[in-house]
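The next part holds the structures, each set out as structure tokens.
In the two assemblies presented below, chain A is common to both, partnered first by chain B and then by chain C.
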Partner chain A sequence: MTGGRSHLVWWLLVGATLLFLFAPVAVVLLFSFNAASTTSLPFAGFSLRWYERAFGDHQFVVALLNSVKVAIVVAIFTAVVGTSAAFALSRRRSRWLDLFSSFVTAPLILPTLFLGIALLSFYTQIGLRPWLGTAMIGHALVTLPFVVLIVNARLMRLDRSIEEAARDLGATPFQSFRLIVLPLVAPALLGAILIVVAWSFDELVITFFTSGGDATLPVRIWGMLRRGIDPSVNAMASIILLTTIACTLLAGRFISGREIAR
Partner chain B sequence: MAAERLGPALPVQESAEVTVGRPATPAWAPTAAQLAPALLFLLVFLVGPVAVFFAYSFWTVKAYDLVPAWTLENYQKALTEPIYLQLFAQTLVTAGLAAIVTVVIAYAFAHAIRFHLRRYQEALLLLVIVALFSGYLVRIYAWRTILGDEGIINQALISLGLIREPLSFLLFSRIATTIVLVNFLIPLAILPIYAALQNVRDEEIEVARDLGATPFGAFWRVTLPLAWTGVFAALGLTFIIAAGDYVTPQLVGGTSGSMIGRTIASTFGTAFNWPLGAALSFLTLVFVLVLLGLVKVGSERVLR
Partner chain C sequence: MGTGTGRVTRDDPAGEAAIAVEGVCKRFGTTTALDGVSLRVEPGTFVSLLGPSGCGKTTLLRIIGGFEHADAGSISIHGVRVDRLPPNRRPVNTVFQRYALFPHKSIFENIAFPLALQRVPRAEQRARVAEMLDLVRLPGIEARSPAQLSGGQAQRVALARALIGRPRVLLLDEPLAALDLKLRKAMQLELRRIQEELGTSFLYVTHDQEEALTMSDWIVLMSEGRIAQQGTPAEVYERPANVFASGFIGEANLLPGIVAATDGTTARVRLADGGAEVTAPANGVRSDQPVVVSVRPERLRIGRAGSANGAENRIPGRLTRRVFLGNIRREFVAIGPDLVLVAQRGVDAEPIPNGEPVEVSWQAANTILLPDEGASHGG
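Moving on, here comes the complex of A and B:
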């Protein structure tokens, strides 16, 4: 707090932690451009051959499209259902609503393995054949709390008198929602949707257990990892990384980190 | 007689008031309608699966078919066979160690950005969130490239002349499992701790310091107790997630770094014994929650 020297110590600590956090990400991105076919040093030079090979693999392209489909459907569903719930939570305070909040966030604190096999058991019991659609349900379970929490946080900060003023000036409830509240909440909703997409694009375990034979990108990579080393995995993994990092950085423009840290 | 006549008169008065004073729908109706889709979705696809999964833990498998036997056999097997007991112990030790290391690092990080590097806290927090969402599977398998015999660390140490043979205990070991768990849990722990530290006011710490507390004394007596809810939340969350993880032990754990999640996943795959897998899952959850309960009780005695 006082001298420049103690400042340096804190920067070292923060820097070392960030280095540790981003080292694996950097390694994958770096080796995806490596010309050599081994994933070890020294670096053999820049090449796009692993990306060419990845996109030449039919199963990879199918998995990529599946991932995109899942992310889009899950984003739309959670945006509508989650925003609706966030509005309910922001209007009034009650014990029941607090209970509902913990209910919504419950899937976030359960291991994805637990959720994945519980969902698989459920589908088997009710006779639902696992496919891409059943995997979407699992994704929606875990990402719904992101939308509810982020949109609710923004609604709580809104000045409710603006809405009341609109009503006093003759706006219908729908007009005041459409013209006043929605534009004010939209950035938070957009940020939440980007977080949902990032999470969905990256999800492995729930998808693995609940998508039947339909592979998404992480499931395809998981299958390849079990068969042995193929450097094009680095290229496929990099596509996930670039998507999720881009989504999260973009989300950071619409919502503050403090709205996510709760 | 008089009472009988008065009786029906009262409700009429009341209902008249209601229809005049308010619109026909009760005040909570819009809230209920807004909540209904999410509530219905969670009741069907969260409560339903957990209930079925729990029921399965009392079933058995006969000739590759699930049979509703309603027996405690699976729990008995899980709690008596040495292989499962050893796996439980190994899982709780590894996950507990990973959770503690994670929370210590995460606390230091959150403390640094909250109190010392305030000007950059938004940017640093965004980096943490980027790390949180960037690559679960990718992150785990990348560690094979870093920790393996021909990995970056061993190659660096050999080329520096510090070692001759690669350090093979780095990969496929408990150390590997712990490092990798810590690596993807840190962002998850930073967020609740940071949120808790935001609620600690600067004046509260300043007062402690003015009254003669050392920096550590102020931390131990003031900051940590005030932020404990967040720290405990981070500890609980990371412990549960670590104990239930199976991708990490599968990819980097080898035999010594194995965990129960791997066994549970196999009961839902090649081993085909869903009831046993369900029993193992619920037992893991119970063990984790009991340990966390003990930590909570203990911490309330120490941090007062």
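Moving on, here comes the complex of A and C:
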């Protein structure tokens, strides 16, 4: 039987892949706590000095706040617009809506480099000066499909007669939405928002093209890396990493597999 | 099979109907769901909309509830036209087939939902919810969640929720379809008890003819978007107006044939298959008219050939099969090359072995002649 051996080969392959994927992540995280002032072995002891230094850097703090602002504005915008769009898509069937649905989801598959360049030249054409707000528009464009698709999937699984029962028992369309539909959709919506935040928080390419002088955290890190590696970059990257991982894990608790598998 | 309790109040036809449907038409794309349906539900009665799936009965109920809009015709509820009103402004409530309880709300919140919308004081809400739960015989379950209920309990809660606003008319869309047979039978009697206790008019959609016969004061039988027949349960069972009604309500032997002779009161019909002749009340048929002879299985008697019993119609045949159903026996008798009659006999009747020549007999008065519309001859 070669079964045992092929099993071993299989596991080695899986192990090597995981190592290749996650070793760099672990290295960055580890070195962000390294006391030594170079990003190299040996490990010189645990220290928070790079975090202190990062937070002592005014430009870093501005970039971090910019990232938070973008994430919050984009999350609120996509939640409101995405939920409305999902509601329309799940409630009415028409060719126009099918077309609309393809348009909404298109940014998901367009390369971000292309989107970044396209947005920048568009802003230039209409005389809009790139700043944090234009970066938010770019983020919203790409993250809207997440919200629309996830919330729409949840609405599709919702028994229509639950809404009809609410209307039948005296609720106006708005009351039925607020008291019945929204609470039932809320977990999926919250999950979608967390995915949007995770995506927005580490987005570089579109932000780089469209934010003008207002750097977000990834843009700031990119700028610093061009001047050589300072270990405080590891600390900044780790902040992004932990935020993204936390959001994604939390999102998974709110959205069932069926809703992501779209 | 029971009949209604006969509480039909039709003595005031000019009075205000609980529901008046006038010439309602509805099309979905190229399919016609409703083709000029008119009916009245008298106040305080239990009316069933009966028919096979796809006959338009649920569409009609949804139009009355306000979930669909008719292309033509009008709906009035207690004298008020409701065609343009949304569901929340119609004086009717609906019990849905799949209960449609709000999964994120407790049983109390579910039942009190209409009261909460009207900002009824909390103490009154509590009292009325308790009263409703007593009515549906589920006292004290206010704190539970819908996920903790069985199907039968969920449907009782849905009923309590639909009734708490004290609607004068309740619409029920196959509310028992998802329950098992035994529970369904118990719930049929429960529904009837609640309807009589409250005096609310019920319009009940079902595809189960036995359910309709058990519960209703009035049955509206639908087929392909039209009303095939309406009447009391006894009327539609004893005097079906057409082949469809005869085959759909109860069981019937449907035998196509041609009227050989008629004197206006009785007619003689030659059966297409086997050529035997049958005597029946004329029911307005003319000579040479193609008709369908309808006889209920329980009206047939089976005896050994030549046994006298005074029945006008006697056809020789051969016993082909017997099915034991507990309280009755069902026997199949071949009377022509492709013609088999179904008869029903008590379990105490003298057993006749399979393959024996027998004589099927029944009285002319128990025979119904129906115009042959070229419809299906099943049954």
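The rule we apply is simple: the second predicted complex is superposed on the first by the 238 of 262 C-alpha atoms of A that agree within 3 Å, B and C clash if a C-alpha of one lies under 4 Å from a C-alpha of the other, contacts with A are read in each partner's own complex, and residues count from 1 in each chain.
The working rule: a contact is a pair of C-beta atoms (placed from the backbone, for glycine too) under 8 Å apart; a residue touches a chain by one contact, two chains touch by 3 or more.
Values in this document were obtained by computation on a predicted structure and should not be read as measured data.
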First (chain B), second (chain C), both or neither touched by A:L155: neither
Partner chain(s) touched by A:A63 [first = chain B, second = chain C, both, neither]: neither
In the superposition, chain B vs chain C on chain A residues touched: B
Touching partner for A:I193 - first (chain B), second (chain C), both, neither: neither
Which superposed partner A:L141 touches (first chain B, second chain C, both, neither): first
Which of chain B and chain C A:I206 touches, first, second, both or neither: neither
Touching residues (chain side chain C, partner chain A) in the complex: 65-67, 86-88, 92-94, 96-98, 100-104, 113-114, 117-118, 158, 161-162, 165
Complex contact set, residues of chain A against chain C: 159, 161-162, 164-173, 175, 180, 183-184
Contact set on chain A toward chain B in their complex: 1, 6-7, 10-11, 13-14, 17-18, 20-25, 27-28, 31, 38-41, 80-82, 84-85, 87-88, 91-92, 97, 100, 103-104, 106-107, 109-115, 117-122, 124-125, 137, 140-141, 144, 148, 195, 198-199, 202-205, 209, 218, 221-222, 225, 233, 237, 240-241, 244-245, 247-249, 251-252, 256-258, 260-262
Chain B residues touching chain A - in the complex, by the definition given at the top: 28, 30-32, 34-35, 37-39, 41-42, 45-46, 48-50, 52-53, 56, 66, 105, 108-109, 112-113, 115-117, 121-122, 124-143, 145-146, 148, 150-152, 155-156, 183, 186-187, 190-192, 194-195, 198, 236-237, 240-241, 243-247, 251, 261, 264-265, 268, 274, 277-278, 281, 285
